[in-house]
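Let me give you the structure first, and then I'll get to my questions.
Chain nomenclature is as follows: A, B and C, assigned in order of appearance, with residue numbering initiated at 1 for each chain independently.
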Amino acid sequence: MDVDATWYLVLSALLFTIGGAGVLVRRNPLVMFMCVELMLNAVNISFVTFARMLNDTGGQVVVFFVLVVAAAEVVVGLGIIVAILRRQPGADADDISLLRG
Amino acid sequence: MDDYLPLVVMFVLAVGFVLLSIASSKLLAPSRPTSAKDAPYESGIVPTRDNPERFPVTFYLVAMIFIVFDIEIIFLYPWAVIYRELGAFGLVEMLVFSVAVFVAFVYLISNGALDWGPLRRSRRLDGTLDGNRTSSSTIRRIPSRTQVEGEAAPPAAREEGASREAVAAGAAVGSTSEASTSTEVPV
Amino acid sequence: MTSTAAVLAQQGDLLVKPEVEWVAITPLLVLVGGSLLLLTLSALTTRRPRRGTYALFTVLTCAGAIIASVALWDRVQDPARGEFTALVGALTIDGFTVFFSVLIALSIALAALVADDYLRREDLEGPELYALMLLSGAGGIVMAMANDLIVVFLGLEILSIALYVMAGMHLRRVESQESAIKYFVLGAFSSAFLLYGIALVYGATGSTNLSEIAAFLSQNVLESEGLLLAGFALLLVGLGFKVAAVPFHVWTPDVYQGAPSPVTAFMASASKAAAFAALLRVFFSAFSNHASDWRPIIWVLAVLTMVVGAVLAVVQRDVKRMLAYSSINHAGFSLVAVHANTERGVAGALFYLLAYAFMVLGSFAVVTLVGRRGDAAHDVDDYRGLARERPVLALAFTVFLLSQAGVPLTAGFFAKFYVIGAAAEAESYALAVIAMVTAVISAFLYLRIIVTMYFAGDEAEGDAATGRHRVAIPFGAGVSLAAAVAFTLLIGILPGLVADFARDAVPVLLSAAP
């Protein structure tokens, strides 16, 4: 069974959109953060698909870097979120709004 | 196809065993729930709200540290595949990479991020915390100096002092500087 | 199975061993090495070091990076040797790289000097902030030297991830943590867009290398440009976020206000410069033959950024927020120079970024000092009577603010002059006029602060009544302020020095490595 590569691009775009919508709609910092990860991994699908279409390994190597960057982001993000939740248990994006002009 | 037969049998057996266990415990075990039995404390105060869950931040820390080291390994696999072709160059590169990663590790250890027992020493805690405090305890001791000079401290520090009664502490990285409050006032 | 091994062995023969030109990346190595060394040493010594040791170490590291950059500059400007690509075409070493290495290293040094006393005052002392600053700066330099979109992405992430932590550095201020999480979520969101843009450009052109992309685009006509244009747009979203271009600016005021003041200084100077470096590198040098596609977008961004920045700055009460909006306005000016898409425009942008770095570093240094313990006194009213209390500090702040307003004899005047000149040369007169109008609007804001410092508050006993501490000017911050004032005036009086530097630093696009 051969699946047209375009479908993978569509899948990637869909996942990216779901992730983007999630960041904008959800209020829990942890969930927003998971949505960002979803976006990054959606892009990974794109990269692999393009690499396959172009017959070029470059796109696959990119995925390694993106994964590592995403991991570093996870750590920093969790650190910040834990620091905030320790101060205000159950805080969500609307609670975190001291700063405005 | 024949090669896969044992695998299929194994799979069927595994799933079958799980289903069988669940079904048998449902069927055989007596089940007579009452409201008193379901309460968290069978005899005692009726809880009005959920217990705040407390567990040491050290768990989070270890998880985070694990993620970093776990993912760095990703670069070792492609390197290992072409290790011979790369020769000395690859070795040097990987050494540089490892050193950079392990500096972070040295830093973590020196900050006590991996200490589970009593807090041994920490550069920035000298005198502000007593040694009985553990990195995994949830009670923070308030330095007495803050209270004495509390009036002189600016609002931000005072507010912190107030919100300190029993905050979950513990993350060495987080709490080291958080816990210390000197009240020097810039002239 | 055997066939796979044979294929692998064959590929092994074909494997091109990458060559690492260590000389090319010396500024980077100095910064990263300094940061690692700082962390290791501070981890291994148990005794608390003497005051200011960390800051001194940071400044020395930056000095090392600047010396390394100057050595590179000689090599790059030497016609016999010239610019070159390093690491198998992933990096371009040219005047542009050196320019931003120097700019970023200077920013780190000045911000570290301010941070020294700040950290002691807020009882946050430790090597972390300095190590993160050095690493973040290294990320910025990576962005400036990138010749590959993936390297741009990596540089951006190194820069940003360190900045997220730095923004949340002040553990006792809720605002600081709030700004960290806002910056983090929005920053990660925008870098996902940037990455998607890279993926689409890769899909359209078959490479992430800027030289190869440029070569491909000049030799081929794409059947459908949809993919490429969507890629451009997403790249602009990602980079636009970092430079704080409207409508991707919403994070800026909150983060600038909440982050510790020395970190804000670093953010506004080095991080913004690095983002512009990437923008120029990608759009001016690689996508220049598709300029008609992206220039209109930049035009709209520039106008929105300048107008919104200037107008919203005027209605703020918090000085940090004012400066945040004014930094948005300044980003708009730099975008005007990018829009020109000429060498003169790029030189103008570089001049602007360098001049702006000093003004904004100085401004936030003053803000740090006036913020006093707790980093909270940032209302305009807190500047009342500063001129009487600390005449020198008020004078320095006046210089920075006048420079930001673009008053002659300061760096800001020539910065704006070159940018508007470049816009006029590129025949975008409307843009030049809008730029001048917003300059006038934002001048009102700077004057308001100056007036507050000098003329408001003659109630000498009022301060004593409120029990406010006198603003302290510690040594490190003093040095930093003096340097910033000196550079601001020097560039304002002798703009030729920096203008020549900027002109020689226009990025070049080297052809793909054979």
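The criterion applied here is as follows: a residue touches a chain if its C-beta (ideal position, glycine included) is under 8 Å from a C-beta of that chain, and two chains touch if they have at least 3 such contacts.
None of these values were measured; they are calculated from a predicted model.
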> So which one's got more C-beta contacts, B-C or A-C?
Replying inline: A-C
> Which chain has its C-alpha centre farthest away from the C-alpha centre of chain B?
Replying inline: C
> Roughly how far is chain A from chain C, going centre to centre by Cα mean, in whole Å?
Replying inline: 25
> So, what's the distance in Å between the C-alpha centres of chain C and chain B?
Replying inline: 35
> If you look at chain B, which of its residues touch at least two other chains?
Replying inline: 174
>> If a residue has to touch 2 or more other chains to count, which residues of chain C qualify?
In response: 171
> Which residues of chain A are in contact with two or more other chains?
Replying inline: 72, 79, 83, 87
> In their shared complex, at which residues does chain C touch chain B?
Replying inline: 8, 12, 15, 17-18, 20, 32, 36, 39-40, 42-44, 46-48, 121, 123-126, 171-173, 372-376, 469-470, 472, 474
> Residues of chain C touching chain A in their complex?
Replying inline: 150, 153-154, 157, 161, 164-165, 168, 171, 174-175, 177-182, 184-185, 188-189, 192, 195-196, 198-200, 202-203, 206-208, 253-254, 257-258, 312, 315-318, 321
> In their shared complex, at which residues does chain B touch chain A?
Replying inline: 52, 57, 60, 63-65, 67-68, 70-72, 74-75, 78, 163, 167-168, 171, 174
> Which residues, counting only chain B, touch chain C once they are in their complex?
Replying inline: 81-82, 84-87, 89, 93, 99-100, 103-104, 106-107, 109-111, 121, 123-124, 126, 154-157, 160, 174, 177-178, 180-182, 184-187
>> Could you list, by residue number, the parts of chain A that touch chain C in their complex?
In response: 9, 16, 19-20, 23, 29, 32-33, 36, 39-40, 42-43, 46-47, 50, 53-54, 56, 58-59, 62, 65-66, 69, 72-73, 76-77, 79-81, 83-84, 87, 96-101
